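This is the structure, below, for whatever I ask next.
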Amino acid sequence: MPVQVIVFGQLTDILGHQPVTMEDAPDTNTLIRRLNQRYPALVNAPYIIAVDKKIVTGNTTLTGGNAVALLPPFAGG
Amino acid sequence: MPVQVIVFGQLTDILGHQPVTMEDAPDTNTLIRRLNQRYPALVNAPYIIAVDKKIVTGNTTLTGGNAVALLPPFAGG
Amino acid sequence: MATEHKIRNIFTTGPISASFIADSIQKHDTKTNIGGHSIFLGQVRADVIDGNKVAAIEYTAYEEMALEKMHQIREAIFAKYPLVCMHVHHSLGKIAAGEICLFVFTSSAHRREAIDACTETVERIKAELPIWGKEIFENESYQWKENR
Amino acid sequence: MATEHKIRNIFTTGPISASFIADSIQKHDTKTNIGGHSIFLGQVRADVIDGNKVAAIEYTAYEEMALEKMHQIREAIFAKYPLVCMHVHHSLGKIAAGEICLFVFTSSAHRREAIDACTETVERIKAELPIWGKEIFENESYQWKENR
């Protein structure tokens, strides 16, 4: 099941500005493992994960329709 | 020794807007006693006393050069 | 850091206009060490008391004493908070309901200091400056404003 | 009192101008139940880091998520404080040092509620909205802004 991943802030230095499509990502743990393989600089980057604009903690099941976003520390204002 | 007394706010309803000159007021206690005689409504009015723009507490000696002000509760802003 | 400030006038006759506030904000765009501004505006409320609506407040002050006191407050606030600048304006005369009568404006590198300095300055202005307000009702009766 | 609010846009491209702020203030002169306004303005600081001076911050956001979150914050603030109104504006894109990038404006009958609501909203915006800032130095290098 392919999942679209978008990133923001300093993570765009690693993954770029375009959504990245990851094949075979049944849950967020698997997704992150695969992203870490493809983008080794991601391993030590701080971020939280949002699925469909809600922050998730712990491993979360994904379907092809989910929008996954990796969010580095917020810096508004 | 005549002393000039100015008042503000609700006290202008009692003493008016012009400075009041009080004769023979060697200290603030005497001054207030004489003012209370002349303006009975002053007795129950809340205020603090400033001599030369400094708030005084307790009886304070006056000279003819002092500016005495009676200040009802502040209501700025 | 000890900072020397002159006694400045804070009083202005009539309401404080939005354009005056905008000019004041605009002037800070060259002070690039500022990260946060905190502004408090006091506005005259059309309170209804016993069926009478407040149409305006007429402000008076013991101006000389108020300016000396404001100077002390300013010095104390600058000693306590690392501010870049502080501006205070208070209206005198008749200010209609809906108009602005107090403008306190503090700026600092970081937000917390600007916010705390502004709040403390507003509280001290209300508690310590010899200023009075006559609440004038629509039927032309009045009562003297009391701060809470 | 439960108040229903729609999701509103808070984002504006480019800096927030003093005249925009003035217009926003001016619009409140008919709301005569307001006694106090509290305003916070965030301004881009020309910090010097390792000899490089910040010339601008380029803001980006996960806009959809930020607007949903801001809506929740707004609802929570209105539930907690008796506000008459609240306005929030945040810049996106490149904002030069000295320009304003955040405008939070709360109004209530009494000062305390307006001030507390403004402060809490600013803190929550900084902590909870998915917004990022790229600090662009005069030599065109950059670093990512971190909130403290």
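Quick notes on this one:
Just so it is clear, A, B, C and D label the chains in written order, and each chain counts residues from 1 on its own.
Convention: a contact is a pair of C-beta atoms (placed from the backbone, for glycine too) under 8 Å apart; a residue touches a chain by one contact, two chains touch by 3 or more.
This structure is a prediction, so every number in the text was calculated from the model and none was measured.
Any chain touching chain A that also touches chain D would appear here, but none does. A separation of 73 Å divides the Cα centre of chain A from that of chain B.
In this assembly, the C-alpha centroid of chain B lies 27 Å from the C-alpha centroid of chain C.
In this assembly, the C-alpha centroid of chain B lies 49 Å from the C-alpha centroid of chain D. Chain C and chain D have centres, each the mean of its CA atoms, that are 23 Å apart. Touching of two or more other chains is recorded for residues 77 of chain B. Counting partners per residue, chain D has 42, 111, 122 as the residues that reach two or more other chains. Checking each pair of chains for touch leaves A-D, B-C, C-D.
Against chain A, in their complex, chain D makes its touches with residues 42, 59-62, 64-66, 68, 90, 101-102, 122, 125-134, 144-147.
Within the complex formed with chain C, the residues of chain D that make contact are 18-19, 21-23, 25-26, 28-46, 97-100, 107, 109-111, 114-115, 119, 122, 148.
Chain B makes touch with chain C in their complex at residues 6, 8-10, 50, 53, 69, 71-77.
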